[in-house]
């Protein structure tokens, strides 16, 4: 089924994405039950990069970025492009020109399980990319792939219209139907963490706040005054 | 012997650590005879990170950060937490909340042979971390490990109370009893390097300053005017 | 033929290098037909690093930087040192002192398929390095290698006098005799890209500008309104 | 949705699997349009390993094999267990005892994106395993995962009841509904290849048999008598 | 303290090693509380390799095997040589000649966190090696290291006289004083496993034999008839 | 200069190759001064694989094996095909059919810095391959590369007509003009090693045979009776 471009799919409302994007990747990942996180080799090309948007998915051949050119037309305001090759490749599939094109359509960033290039220009134009590599190696335009079919990228299944959130900690996917629920849980988590942050910053101990002492004892944790005590045994 | 927390061990005086920390990781590593360096995959989460302190050691299970919570209570002013999993794991064991907790106790940084998260927050609060990965992947709290037993982290044996020095070049461990001697040798080295730095910046050649020409000749080094000379032979 | 120092070879005129260095690594790599790019694990030690110059090549033993000291004398204004070990090694072969020495001779940077150290000092003195690793691990001075013989570094054959251009995207080599031609082609490419950049930034589509639609259709690309349409089949 | 065991799903008839398994992984992968192949770091623990069966999918925590024990009960004659951890882990999740248990239920092999152990025993009992690592490192039994939910393993989405075929070349997944069609196409391919094999073994050239000369010429392939001819230009 | 050869240390009686070596690496690792296992990149150079003996430890420089030659003299009947470089290196430190030398002294094998060569000859003479790489790359003889000082190899601290057991599953270290206790526990474990092996081979389920059902239920494991049931919710 | 097929180049006489191939990769690598060895990730697909022949070099695009088909015609009795992609790729570029074709022309094996497939068939037909990966992932036929131009493969520069020798230890290249000289030096080395092998097998020590004791002492090697002696200091 290679060579398919699906032109229409349901997106999440941008207002809902904005609400979700108040929270960072780590918080969202926890809030939705520790699922949806891309492999940690997906790194931002510059520190402080942040993006959130509707996933437009693209599969590409190794060393072939033709389908990214095809995908541009399918993008709209608030999208994030998600690209994965059909076999592993670190070539520089993406650079400044494609970024100009995507930016003109309101696309907020790129997640690509491959390489990207023009890092300096992308940084200056503030177009964030999360990639597996930086590489100037160019690509050809010979082979078809698919746009907006479900895609496995960096270990996660992503559907077009899923919400992508990415920052310095990595990239997380929230299923389209779960955005509001995850936002709510993220908020709860953040509020709880804010309380804990204050307590912990004041020197209270997590093992007390979280009530861990009993369970630790039950598991057999043993406190000894010094290492000598162990040798004595 | 899993599930042990050693509560007391000898630390190095903070004044001695301050004196040692004038020098960088590369200098200290050389000064103590090229030992104690952690593997070079241990990288700071932000440029310019620096820390020096007494090691508090923690072993943790794969994907399980419970013992870090246990270790907090054992930390005091001037410590650096050193964490290694019992089998390789890149999960994000450590984030903002634990950093708040450690910071409130005067802990100066974290060295972890695993992943950390909340990179942005940690950078903003200036809590330095040297880790093998950045990952938002959370951990469970189910399995015991040990606190303040000798630990192998990133290829080095570390005892609680050893001094950890870390900067952009990596992480080096100085054995507790050797801190003053290593400081003295680092100073000697730095002074010698300062002289060399000036000479070299003025265009003098290292092979002259270091007197290498004779030994190079003895080893058989041969200067030829051009590559043509080689082909002629 | 180990233990050879070739003292003289043809260099490219610095004015020609200056002209070439207007263009980035990605552009040059494309302009010369996608050859000469070093492997993408060669990364700058700080963001924004840039260098261009004549290659002085050095082969070194694993964990042995003696030949770098030997090579300094062979360097002159506008050179870039290119170093590769005879077997893979991530040790810190290069640091501040060697950088002082090279800088005093007008050397513009280092490309090393191994480790470097003193990252902070190198950043402050603005001496750019592209390396495979950062490591404080020192090296010995026991074994000979060669200076200014052809060298394979990070997957590319490099001759002394080839031009090295390096930036955030990596490192590319331009053969000595091809510098002006590659500069001309880079300029053409840049001019064409400037036009495209404007069109793309204005929202025109690459698949139209580049005339891809016909070829895509011929290859069998198929547009479907929605995923339901696929299931229906 | 962690902690779910789906007890019933549609399987492919074993006769259909037998028919498919006449063909190797490479053939099947080609026949179904080059999809469904697991990442090539999934290697058999002994040469000549072969298996084909219905996928029973299991997600497990890092360093935690509890759900494999849970999954055994869900297996039946002709199944292949497919296991992936929620974050990367090379521990030895699987060994002789679990193999005995699975074998008694007619399970034909294991595909695990993690480590396995007892390689000698598994080889002797002829229970094939494709894994990312061999490791004696044990696992705990503390955390829930899921059985028979869709699972991403080594870069591929796998549904329970998909057919797994594995041999020395790796592991390929065939979607449940496509088994017969893929078998037919594999047979066609094999028959065509048998003819080609004979022609090629007799010295006929692929570029003639496959009619490539015209397309090569059109692309600009140029034959030169010798390298000197190139220099002359 | 580089350049030290410790000539005498306590070894474990060979009879005790023989008793321990009845058990495989995985069993011993479990029996001693899951410690002492070397990193899983340490692989045997041929299938079926097995060895057990007293550790003689050797540290070597990168690309320098001089200290292995020094260490031979310190070996005796029943030893296993354990070698680690001071910085990572995959060179072929060890080949047929050193194996002849070690074999003549009754040494049972080599564990080296680096490369080895002459794989065919070593296989034919049945001298087992566990290494990180196979490489024909030679080494120099210029730098000192240490023999029979404690050594970190592949992530584990090893003392001379510790017992090394190695097989297809990897390499495990048993502390000298713990050999008999670990042997006893290994035997217990093996006997228990023998009973379980029979039960499991007869089709009894581990979750019943090990009494896991209650704890699984308590953790919230939920059985559903089919995936449809989940969607219904 | 992509899209070039050089049809004629000087080969080494097969008798000379036969003479060289008496020796293994490690011996030849040493005999020619430790140069010409391919990176150690190039591994044979089956144990005991051996080949020696004239290099026919092929550059290919990532995921594109078209040029291998083109290269077949350029091969003759006694050749070894050497293939490297223009950017890293682990796809299965080569399988049974190409092997049939090459075998019919007397080609002795393949060295490919990428993946190969049909491992079982290749093993059965005894066609040896040294590759970076095994992968069933297919390739396209869209892009040109070159045949019989100099090629960097796995870190080494290889000219067509250089001699390739490969075995369980890896792959080494001998320059065309140096084959007889390297054969002679390999023979010398082997004869010397045969003498050493006997002495070492009889229990004589290398540090005596090779006269190392004086140099070791000069470097400062120090023998201590036991570790206690060190602590005493």
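Should a chain be cited, it is by its letter among A, B, C, D, E and F, assigned in written order, with residues numbered from 1 in that chain.
Throughout what follows, a residue touches a chain if its C-beta (ideal position, glycine included) is under 8 Å from a C-beta of that chain, and two chains touch if they have at least 3 such contacts.
The structure displayed is predicted, hence computed values, not measured ones.
**Q** Indicate the lowest number of steps between chain A and chain E, counting one step per move to a touching chain.
**A** When the steps are counted carefully, the minimum from chain A to chain E is 2.
**Q** Steps needed, at minimum, to get from chain B to chain C via touching chains?
**A** The fewest touching-chain steps linking chain B to chain C number 1.
**Q** Matching over half of the contact pairs by residue number, can you pick out the copy of the B-C interface from B-E, C-F or A-C?
**A** Comparing residue numbers across B-E, C-F or A-C, the repeat of B-C turns out to be A-C.
**Q** If we define chain centres by averaging CA atoms, which chain lands farthest from chain D? Would you check?
**A** B
**Q** Are the interface residues of chain D and chain E largely the same numbers on each copy, more than half shared, or largely different?
**A** Mostly different residues.
**Q** For chain A and chain F, let me know how many angstrom lie between their CA-based centres, rounded off.
**A** Going by mean C-alpha positions, chain A sits 42 Å from chain F.
**Q** Roughly how far is chain A from chain B, centre to centre by C-alpha average, rounded to an integer in Å?
**A** Here chain A and chain B have centroids separated by 30 Å.
**Q** Of all residues in chain E, which are in touch with two or more distinct other chains?
**A** 1, 34, 86-88, 90, 135, 137
**Q** Which chains touch which?
**A** A-B, A-C, A-D, A-F, B-C, B-D, B-E, C-E, C-F, D-E, D-F, E-F
**Q** Which stretch or stretches of chain A touch chain F in the complex?
**A** By the definition above, chain A touches chain F via 61-64, 86-91, 135, 137, 140, 142-143.
**Q** Show which residues of chain E lie in contact with chain B when the two form their complex.
**A** 1-2, 33-35, 39, 86-88, 150, 152, 155-157
**Q** What residues on chain F touch chain D, complex-wise?
**A** 1, 3-9, 46, 66, 69-70, 72-73, 90, 92, 95-98, 100-101, 103-105, 115, 117-120, 123, 133-138, 141, 144, 148-149
**Q** Any idea which chain E residues touch chain D in the complex?
**A** Chain E reaches chain D through residues 24-26, 29-30, 34, 37, 40, 43, 47-48, 167-170, 172, 193, 196-197, 200-203, 205-207, 210, 212, 216, 219-227, 230.
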